[in-house]
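One chain, subunit A, appears in both complexes that follow, with subunit B as partner in the first and subunit C in the second.
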Partner chain A sequence: MALPESLTYNLSPPEISFLSENEYITILPRYSMKKIELIGEKIPTLRGMRRERVPLWVALILKSQDKCNIVPPSWLELDFLKMKYEEEMKLPHKFSALPWHWLEISKILLAKAPDDLADPSNKLKSIIQDLREIRLVKSRKGLKELNESNIQLDGLSFMEINELRPYILKVMDKLMNLHDSISRNNVEAETNENEYEDGEASEDE
Partner chain B sequence: MDADYYDIDDILAEGEKVPCKFNLTVPGLGYLEGNPGKAIQKDSVVELPLWLASVLAICEISEESSQRFIDLLEPPFFNAKVLNALKTSAASVDLHAITSNFYKMTEKWASMFDDEELVEMIKQSFKDRAFEINNYANNTTRHINNDFMSSLDEYEKYLFKVSSDSHKKMKTWIQE
Partner chain C sequence: MSTTNIDDIIEDFAEQNRHTVKRFKSSDKAISSNVNIYDELVKAMLNERMAPDLLPYQHKLINEVLTKLSNQQQYLSDSHEYGDTNASSGIVDGDFKLQLMIIETEIERLSYMLRLYLRSRLSKIDKYTIHYISETSKPEEGSQEDTSLVSKQEMEYMHQHFKILTQLYNNSFLKKMPHFLTYLDDTSGGQSMISKPPVNNHVFVKSVSKKPFVISLDEDEDLELTENGIYVVKYKFIKPYVELGDVVLI
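Here is the complex of A and B:
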């Protein structure tokens, strides 16, 4: 394949950001618009000042034309994020529950609709950065527990998993290879034995 | 094995020389130890590439005797000194100087001798080193000339490359 190796088994951050634009978000339209039926999803009839849920990409188009206000999701709020940060501090072995796309959506909203957010965007940015860093440190500590067969990633979001994926895959591959180098022999020996037994049995018949 | 057919590191690992002891005198093979035209004596120790040594160490001389052409001796990269160093502080061992495809060699060696203890030990030291590699991959600019970076085995270098690429992509995306 012509794709570079890193892109064949992993997504790039802009790709994930693109995918996250399919998430639904509440908007407050300023104009009316007839509903649109798309293959994947429906955009409901929009009427002025009536809250509707639409995919993020629609919201961003309307926002850029000044035709709607975006209602920020309940988690994108200073108090909530601070609470999560304290939760992360208190429980050093657990990740607090954040939305699957929290990094991408917060970044998009901070860039494209900072005037719709309840709290000042510089404060939000810094708390998000803090949250990301504390979670990064935790996940890095967790990497010590890697083994060849399984891994638990409770509470990590899409973007965070994606960042670690190449490393984790390669380490687990190698551990698997090392592990297999001895067990493969045992398996072969067993199958040979079985074949031998089968052969004997058929002779007896 | 088939998956490794086109793997250049696998081919290089198979070319790595390991010490072997001849179990019988073979005429005409003297050039292996620098005596062209002469016979190679029984019990002489010669370094042969692994691909040749592993076949000779498995093949029996004739159907009646179970004796092999050669006996494989412990290669220098798995001697007690190296293994103890890995046990005490895996991250400070210069694997690249020992043999550049250390993990591939371990796989091959362990599958020949079914050495579970060796594999468990190498797995642990690989984990320790991989953890360290990830730390370095997180901030590439600071440590690029560090000793640790030049002590990496080929696979570890590759691991460093993929993980630092991933961290770099993430950083550029965040700063966009």
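Here is the complex of A and C:
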């Protein structure tokens, strides 16, 4: 099999985490390094203590070699996340805006660069967990609204969508099948008998 | 000393300005030479992965990626050679090795994306072989190399795969069946035996078009898609917009 069945209409969490490493992040280099021409983009000349934006995966390599500090994104901060949490509490039918890859990036940074974060990582972890749970509850409540045609899911992030995807797609496809068969039954109710006769005739041949 | 410093600063400033200008330009135009080829590949991979149907093969993009990959690999092996010969003289430092490591990592990341892209396509070709063989045998297909649904290699694979599969079926059970039951592409009896991609299935899409636009769903229903909105709709209604690039599958 070229692609396992479990991966055909879904991504695995490691794959999403891989994709999130393409996001840009600000670093504070400790050493200078000449610029590099990559296929995707150019890494500018790095100089000590001058901020630059680089892809997260480059930042992680530099960080692992102690060549830079990562400047945490503005949303990965206790006060901001607390504010978002309160927003989630106040608006029970809406998801507050968080970055597309917030779960993955916060996980990566908490694991690989905990010393660069402004707030203690255990507090950050717990607020992230709270946020995640309240959003999960909301999205599960929202499953009631599933129909056979279409839905809108603004505000969810990539990882959260990926979690919901198998369930939502299956339910919507099934609902669509049911819906189609009902409408078809109504139309074909009269012609049904004729079709049966035709079917038998062709089998006899 | 101080003058060179100032010169440096001015130069840096100018360079930075150039960078920001460039960035503005590239975000203005959707298609320009500045578009990050890496992001394009990721987008193509995700679209292909999530679409129930085979999307047209990205001839231009894949060719470009392959060329750049082999160039970069050449550069890498040249640099390694250079590093090896100059290792004792002290020209080569840890910095150089780190740079090579970053370049190598990028090559690996790109190849992985490319593999994911091709694997998604192959799994669909495997599943709906007969359907795609009849799709690609239409006369207007294949005449233009750049726009065909499948690449040359995929075409070859598809036909070979089909040949082997038919052989296996024939040898293991079809030869023992009455002749009129042995067609793999039988469409009589009201039931088509050719499995087709489930284009009615729902997919997750994200609108990336700056302007909101309206798509029509069945039963005179319309849906307005705004930028960055996330929707779940039937694939068949969104397919043209995926090819135009107004939405991406996620």
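Convention: the second predicted complex is superposed on the first by the 179 of 205 C-alpha atoms of A that agree within 3 Å, B and C clash if a C-alpha of one lies under 4 Å from a C-alpha of the other, contacts with A are read in each partner's own complex, and residues count from 1 in each chain.
In this section, a contact is a pair of C-beta atoms (placed from the backbone, for glycine too) under 8 Å apart; a residue touches a chain by one contact, two chains touch by 3 or more.
In this text the structure is predicted, and so the values were computed from the model without any measurement.
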### Task
Classify the contacts of A:Ser64 with the two partner chains as first (subunit B alone), second (subunit C alone), both, or neither.
neither
### Message
With both complexes superposed on chain A, which partner does A:Asn122 reach: first (subunit B), second (subunit C), both or neither?
### Response
neither
## Note on the structure
Partner touching more residues of subunit A, subunit B vs subunit C, is chain C
### Query
Who does A:Arg165 touch here: subunit B (first), subunit C (second), both, or neither?
both
### Query
For A:Ile182, is the partner it touches subunit B (first), subunit C (second), both, or none of the two (neither)?
first
### Message
Need the overlap of the two footprints on subunit A, from subunit B and from subunit C, as residue ranges.
### Response
165
### Task
Enumerate the contact residues on subunit A facing subunit B in the complex.
6, 10, 12-14, 17, 107, 140, 143-144, 146, 148, 159, 162-167, 170-171, 174-175, 177-179, 181-182, 184-186
### Message
Considering only the defined contacts, which subunit A positions touch subunit C in the complex?
### Response
1-3, 8-9, 11, 15, 18-19, 22, 31, 33-34, 36, 38-41, 43-44, 57-58, 61-62, 65, 67, 149-156, 158, 161, 165, 168-169, 172-173, 176, 199, 202-203
### Task
Would you tell me which residues of subunit B are touching subunit A in their complex?
103, 106-108, 110-111, 114-116, 119, 122-123, 126-127, 130-131, 134-135, 137-138, 155, 158-159, 162-163, 165-167, 169-170, 172-174
### Message
Residue numbers of subunit C touching subunit A in their complex, please.
### Response
19, 36-39, 42, 49-50, 52, 65, 68-69, 72, 95, 98-99, 101-103, 105-107, 109-110, 112, 116, 119-120, 122-123, 126, 188-190, 198, 200-204, 217, 221, 223, 228-234, 250
